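Order of writing sets the labels: A, B, C, D, E and F. Residues in every chain begin at 1.
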Amino acid sequence: MVDVSAKPVTRRVAEASCLVRLAPATLDRLDRLPKGDAFAVARIAGVQAAKRTSEWIPLAHPLPLDQVEIGFAGREGGLEIRARVVATARTGAEMEALTACAAAALALYDMVKAVERGAVVTELRLESKSGGARGDWTRDE
Amino acid sequence: MVDVSAKPVTRRVAEASCLVRLAPATLDRLDRLPKGDAFAVARIAGVQAAKRTSEWIPLAHPLPLDQVEIGFAGREGGLEIRARVVATARTGAEMEALTACAAAALALYDMVKAVERGAVVTELRLESKSGGARGDWTRDE
Amino acid sequence: MVDVSAKPVTRRVAEASCLVRLAPATLDRLDRLPKGDAFAVARIAGVQAAKRTSEWIPLAHPLPLDQVEIGFAGREGGLEIRARVVATARTGAEMEALTACAAAALALYDMVKAVERGAVVTELRLESKSGGARGDWTRDE
Amino acid sequence: MVDVSAKPVTRRVAEASCLVRLAPATLDRLDRLPKGDAFAVARIAGVQAAKRTSEWIPLAHPLPLDQVEIGFAGREGGLEIRARVVATARTGAEMEALTACAAAALALYDMVKAVERGAVVTELRLESKSGGARGDWTRDE
Amino acid sequence: MVDVSAKPVTRRVAEASCLVRLAPATLDRLDRLPKGDAFAVARIAGVQAAKRTSEWIPLAHPLPLDQVEIGFAGREGGLEIRARVVATARTGAEMEALTACAAAALALYDMVKAVERGAVVTELRLESKSGGARGDWTRDE
Amino acid sequence: MVDVSAKPVTRRVAEASCLVRLAPATLDRLDRLPKGDAFAVARIAGVQAAKRTSEWIPLAHPLPLDQVEIGFAGREGGLEIRARVVATARTGAEMEALTACAAAALALYDMVKAVERGAVVTELRLESKSGGARGDWTRDE
């Protein structure tokens, strides 16, 4: 784990997203599945995983997070999950945003797997980051 | 978390996979990145996350795992990660296999992000499961 | 942590409950608080804490849980939370049921504290247990 | 998890308490129970749970704690447990103090349950908080 | 993590020990240090670490433990710590016994470091194991 | 857990070391053992344990770490493991450095135990610390 003690403490924001490919029939009832409301479970899974990112990712620095926000949007072909993480720290929150997305997507899959076992999580990626010494970055599409 | 106490304890196997899309130049030096050997880090991240799946996935049952195996294969367009999980339990190990893949992929991303920030994790999905009362299942392509 | 290896593995059930004292106005809007749906958050907090009871309670044995169920019921003076835990194990799930109640109550308090900081958690107690060698037990009122 | 990045970092203190209702005979031998010294176990359980509050409470921010202190006082009808938590942070330590009390009380119950299974944890509540932008607060009785 | 699903579930016992080298003056007051009773803290640290061995040791299987016992004995030159772990499992509890010793020793060091910073933990080792297919083993001195 | 809120936040460095006594034949093949590369596994175990030191050590303050570095050096009689931890905090990182060493050593033992069960971890100790109010300290040999 590299030394970040000489870097300044700044406000960092990172956003990540992924797409859970789902059949339209599944997408329509995510809030009333046999096991409960998939959005509520996925949102909490994402927030909680973000807070513990340094346990998932061996060489990630532990970060005190100021905010974790999980959003959902129906898309052609499935559900988009977006995570936005804010931290005041010496290193960026990219891994936290990605981890939040991954955990939310897997928790959502856990909720739907009885009705659609073959669902796929795809396009898990960083969307943007800002606030670090190396400058801001936004995915270029 | 649904009641599984009436289900028999059987040997369960689940396999999942994902693809980390990477530039060929990155793919070529995964074992000698500035931060170290990405394979070793990703493998351990996957094994460790599998063991703690019930912490990441709110409604997943805790499972005592018999085996977790992480494999890597260079593919056109990136690196395939495969996880195989074996458990002797009342419920299947699908979430463990998927969680192992996700954690391995994110740990690998953490290793390469200094050289390829835009890398994407894609096609995270269950490949097969066997050993449960509902019968075996293999992804049909 | 006492030796339980000579005890038989049996199906254990434990139930616990507590009361979160709340003003009627707060009780009426638990599902639409500024921070979200308090029931969903409390339920997940309870399930997750139950699974990790042996981390909260220093001398508790780790138990593989078969089921955790969290229920809510409006009562005169507040909200009753009930937890039911099933395990197939050498020792009982009383601590798991109590821990689930406590975590659900605290998570609920976290959701309401902006509107009712003085809320109190009370009457946290075991209601019943069954399945162990020492016989069943039900609270006698 | 709401954004606290614009709030100033200040010294926060929170105190919480609860009462474990116990028979006088149990109260008299809490320091020499079959499983050991209940005070030592409860104190450590409280300190450790406080440090990990953001794992138990889904939407709580992770806080770096400066101090956790657990106190015990015999009362008419049982044992009072008090927790005091100090943090230098952007958000208050109320949940940490409450979580410390709950964990200490449950750990104590775990120690006494062989001799008094029906023991009840009651009046778990915030006593005071200070140091935040919204001003200090003390329970008014 | 190697596949143990074909191994029989048997009762496993493992014992480990270590020596914390301490000045006689420190050894004499371990139960009344400025921070409290070092034995109580070390014992709990050992028990809790044993339960979570598979989190500290990347390739260790998670084991449901039946018993963890931590013992202390004054020795010429310091304090001996002994851990005994019992599990009914497909694989042995050696790592659990060693991890318990290490955590107990470090927790004890944390208690004494204000009075004897240079204390050393030494001779951390497996003493015996029994119950597995490969036969019993006792350290030969 | 003592109150450190009045102490200044400074850059702290702590170094610890231990020796894993190993037969020369084992030492020669640590990077190609049946279970894999022992150095990679031990390094990650050390880094990860350092980050979670406050979970192992009951009364340790949680510290946000800036760096964790694990080094290995072949010695007469075995392998020396060294951990260096940097933190910007109100309290020192001694326990983090010692915990990193202990976890790395145990993870290494887990890798070699099939070939050398009797391996011993010895001389686990703080080497130096700097950056705190009480002044720097270096082991005097």
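Observations, loosely collected:
One rule holds for everything that comes next: a contact is a pair of C-beta atoms (placed from the backbone, for glycine too) under 8 Å apart; a residue touches a chain by one contact, two chains touch by 3 or more.
Note that the structure is predicted; figures quoted are calculated from it, not measured.
Rounded to a multiple of 5, the C-alpha superposition of chain A onto chain E involves a rotation of 180 degrees. Comparing mean CA positions across the assembly, the chain most remote from chain A is E. Taking the mean of C-alpha positions as each chain's centre, the chain lying farthest from the centre of chain F is C. Between chain A and chain D, two chains of identical sequence, the interface residue sets overlap only in part, with shared numbers making up under half of the total. Chain pair C-E has a twin interface among B-E, E-F or B-F; that twin, with over half of the contact pairs alike by residue number, is B-E. Between the interfaces B-F and B-C, more contacting C-beta pairs are found at B-C.
Mean C-alpha positions place chain A and chain B at a centre distance of 17 Å. In terms of their C-alpha centroids, the spacing between chain A and chain C amounts to 29 Å.
For this pair, chain D with chain F, the centres built from the Cα atoms lie 32 Å apart.
Multi-chain contact residues of chain A, defined as those touching 2 or more other chains: 2, 36, 41, 44, 48, 52, 55, 58-59, 64. Screening every pair of chains for touch gives A-B, A-C, A-D, A-F, B-C, B-E, B-F, C-D, C-E, D-E, D-F, E-F. Against chain A, the residues of chain F that register as touching in their complex are 11, 44, 47-48, 51-52, 64-69, 86-88. Chain C meets chain A in the complex at residues 36-37, 40-41, 43-44, 48. Contact residues of chain A toward chain B in the complex are 2, 18, 35-36, 41, 44-45, 48-49, 52, 55-60, 94-95, 98-99, 102-103, 105-107, 109-111, 113, 117-126, 137, 139-140. Considering their complex, residues 1-5, 54-55, 58-59, 61-64, 89-90 of chain D touch chain A.
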